[in-house]
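Pasting the structures in now, so scroll down.
Here come two complexes built around chain A, the first alongside chain B, the second alongside chain C.
Up next, the complex of A and B:
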């Protein structure tokens, strides 16, 4: 009898281990329910729609951060806010309010992002310093460029672009559908392509991956470039959504992306990305703020709790280590 | 024989780089502005380095155990905010807050060791905790430091300006604590080879907690000195310290892994980073590009270090 329950428990544990996004998904549902039942927020459906819109931006940027974190311990891109600021400004400049230039504008933003990624990776390689410091130091320069070209820029996004950003299909924001497509593409890339498999292998053990014939540094290069390019895309979309670019439009994404990746069940030391977790964690982070707002918490308390929750989640996800 | 000489040469280069950078910058500043070469001039130039020195020593403690502290800037801001709000009116409560903050640091260190967590993510989370606390204390910039603190920081020290005395004090303190003491050897051992330290029988959890607590203590000192200088605080007053303190430690000869740190070099590094910022204002760099110049200085500093490290490996 006893062995029977143990095996059930083991089975449950194995089932859970294969689904690292489960916890954040549950947490998101709880936060949503708490906000709705507190009665001060909007209606439940409306709240979900708003959450989907804002989470879509978070997901887009966090997918890139997930790839970077997955290529090994110590890898993270802290230049995301600068990339978003710069690409937003570039997108608005290229589009210049005309519908015909929407696609070139978005492409230019993605290209600018990708260039920031190349810059980041070359700093990491040439200076051989931890990526955290390299991307942070490099981001100061990128930010300066963004300030120089983007300050006082008052270009409205083309009307078609704004409309597209606000469009809904049966209550679901079109933006969320687009980002879902990107997520599926990234998931397929991780599952099916050489690059995707290399990202996981390099993250798990770069020496073994190198000996197995994978190109370790090239894999890392692509992770940083894809991450920054996605941030560039997000910069253009955010500018379109909020009626023009601003220099601090990416500010919050530095901690938010890392929090979303970690809470979503991606392993922090690399080698095990989790795409569904990005969605549930992004929804959770938005709904958490909505819940705290509905409960009347100010910005100080909100930051305090966000920090504690991030630490709590990684403590809960860890296991006692031995030396 | 010649390889030995080369090795010695690179080692000398490694050790004097921070002092060399500082003297070069000082010479450049004095050349642009000869009037700065006085008691008041030096005081004005290097005053801001006083809190940064202690913040850099805090970062150095964390780097000595091969971790990184991304929360030291917000932590110093929090300490300054406590100094400008609770300290003048309710000193006992303020002391309690400082003790709690240092205890929180120690707890973070214990957690990082016992659960083998990445310090970067934990301290990134902590940075929001500190910022949140500071915003709760001081929703808008303001507050007032107690009189004794501001007058202490404005005290005219005999013979040499206060930043020089403070630098000597901080360097001596760090040197005794980290380079000379048995505790310091253990700390650097934890950074270089934790397994060996554990096999000898030390509790790594307690050791790392102690290192983090010391870092917290240095952070509190930095915050108090900062608020003594500025007399009022805001929750973001020291946010740039996070990056600059890392740069100071690395410029001073520290390494990201392996437990290599130099307290004397760190203090010189903090002076150099402060001077570099003032030098930019002397050069009249357009405000748009000042942020970028800071980034460029960081990259140059780290690049120089990387180049010397490479030379060391070859020699």
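Up next, the complex of A and C:
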């Protein structure tokens, strides 16, 4: 029989290749440490709590973006900000300040999001418009609906909903626990359901996936619908967190979600999503801004450094695993 | 042989190469002389392709020396240097750009075509070579590669490599060049190789088809487990001796003509029924437990039929196609149709098994692992770990994974799209036995093949010509002449 001597380096390389989130995780820890050591008054624990709260929103929408990016080259959902604006308005309208209507309000927001997903996918599939154009153009229509039904008014969330959003369990925001549960559900879906495996397969080679008996277009449909539904959920939660809905509450999430997905180690060309990386990259993106603020960088310098550091993290995270 | 011993052209000494845990080459000595055609044979994973990659400069060896035309070439040996000195290769996995035309692909290989009409010049050169090697090929310089069948693409790939240009051409490395070609094109290529070496050029031919090796080569080199175990003049050896040197299966493959297992009984239920569009042509029928062969020249509608059957089982897409059961597809063009490159070996298998692996809508991970292990042993997959990426396997072993995917599924109808490309003799025999066994249990196989001998494993054969069935033969009626006759017959009664 052959005897195989596995060098430690090769072992390490394999271990490393199976954990694409490692780079962003390390970067997040470094950014956190740098902020704490710069000693701007905030305690390290408090900083983490705030980071968890804001990252939770980012994670929620980025998980959806991750699924969409994973179904193949050219797929991305650029309608996320509009979905968040529309679903936030719908949630606040349905709740109308009443504690009893919190659950229906959230469900309505998720449903509206899902409908936006169906709309996006039908533009892509039926009219065969490239996804980036379809979701971008679709987002203008969705946004105008949000303007029409919200009439630019800010409706306050029910008091109980606001309390929930601010609640902490042993110092950990309740919101982060909820989003963690959603993340675990998505990870389970990817690893152990036919839909999850289909998402990975379709993203790698849609022709082979079809020949292996998978429903290629149905898989893509679900990726877009889940993505938009998660954006819908995020829209309701953001409105509850920030004391009412607004049209620009989701504005930052186009580039942020794509950056988080890529930094988190998900393969941009599709087929290999990475859930833990979404968390570490979202934390990193928040802590990076916090670190630069703590260091007293002005807005111009902050943007410049953010750009450079993102490039650096992506380069550092991708080079060793390359074939 | 003109003057005593021909000059040594290319030599590798004590070459070793490892991929992480897998030792692909363990100190190989290999020589090619001027004007010689060397046949390189061995089982999948024996190290043939790795050795050729080292010679052509795409892989750097861990250890060993290379000598070209008497001069030692050092660490600077890479693709550029190899091409400059005249080493060219045609790989098993095709390297043409699917979105470009034939002429444009020619230009990629040979940058000397310049000026405003480079397309015409490049196209004309390529067409000239195609005409010389494959007369009657029916290709045009402005066709886009992606629209060609895999057999046609292989012809273009070969012709492109043989087209002389600004760079020298001394050694041609052909890795399974005929695996996607039909018999006629394969014969044309083999004839051309003899012309090529007669001009004093050299050729290394890797093939699992021993008949080809014995027809065309001057010397046969046998590899096993990353080593050269035999190097002998073709006229001084025999098929049995070569097969024995390859190891694994000492006994010679029995003549498939004597296979008796006649399975499809008349009462077996019909599972596939494709009616023809024109009344003059035949339809395709298959009973449960039958092995149906699809023959004819490559690209005459066999793959199209398989795809229609695959689509027909999922949805009743066409009224003329009726498929009574689930189907599973074994791709032959594994890069485009089969393999998921980011996945492990195990995942690439289990993607066909979801219906058995799901309990309460969740995939049973433990069951997945055990089932993959079961198929690894059943097909003798050469790998230390099923969690390694699929591309850590040699081409033939990747093909075994695709077999495991289909045969391990619960589908009652297996569609095979010329699946034995790059598969070694031992594995082929195992798969033939597996097919016979599964057919006895009631599974139906629809099997497109470009290897004539494989048709003897089928109960009935449909011969294709221009997208239609030109004739039907039972195993008793089967002969190469009749198949060829039907393949070329333009107006079948």
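As a working rule, the second predicted complex is superposed on the first by the 297 of 323 C-alpha atoms of A that agree within 3 Å, B and C clash if a C-alpha of one lies under 4 Å from a C-alpha of the other, contacts with A are read in each partner's own complex, and residues count from 1 in each chain.
Just so we're on the same page, contacts are C-beta pairs under 8 Å (C-beta built on N, C-alpha and C of every residue); 3 or more make two chains touch, one makes a residue touch a chain.
This is a predicted model, so every value here is computed, not measured.
Look at A:303: by the touch rule set out above, it reaches chain B but stays clear of chain C. After overlaying the two complexes on the shared chain, residue contacts for A:218 are found with neither chain B nor chain C. Of the two partner chains placed by the overlay, neither chain B nor chain C lies in contact with A:185.
Chain A is touched at more residues by one of its partners, and among chain B and chain C that partner is B. Residue contacts after overlaying the shared chain place A:201 against chain C, while chain B stays out of touching range. Where the contact sets of chain A with chain B and with chain C meet, they give residues 323.
Note for the complex: chain A touches chain B at residues 73-74, 76, 123, 126-130, 132-134, 136-141, 143-145, 147-148, 151, 255, 258-259, 262, 268-269, 298-308, 310-311, 314-315, 318-321, 323. Residues of chain C touching chain A in their complex: 20-23, 225, 307, 310, 314, 326-329, 331, 336-343, 347, 351-352, 354, 358, 361-363, 365, 384, 391, 405, 409, 411. For chain B in complex with chain A, the residues that touch the partner chain are 68, 70, 108, 111, 114-118, 120-122, 124-137, 139, 194-195, 198, 204, 243, 246, 250, 256, 288-296, 298-299, 302-303, 306, 309.
Contact residues on chain A toward chain C in their complex (touch as defined above): 2, 4-6, 10, 13-14, 188, 191-194, 197, 200-201, 204-205, 207-209, 211-215, 267, 271-272, 323.
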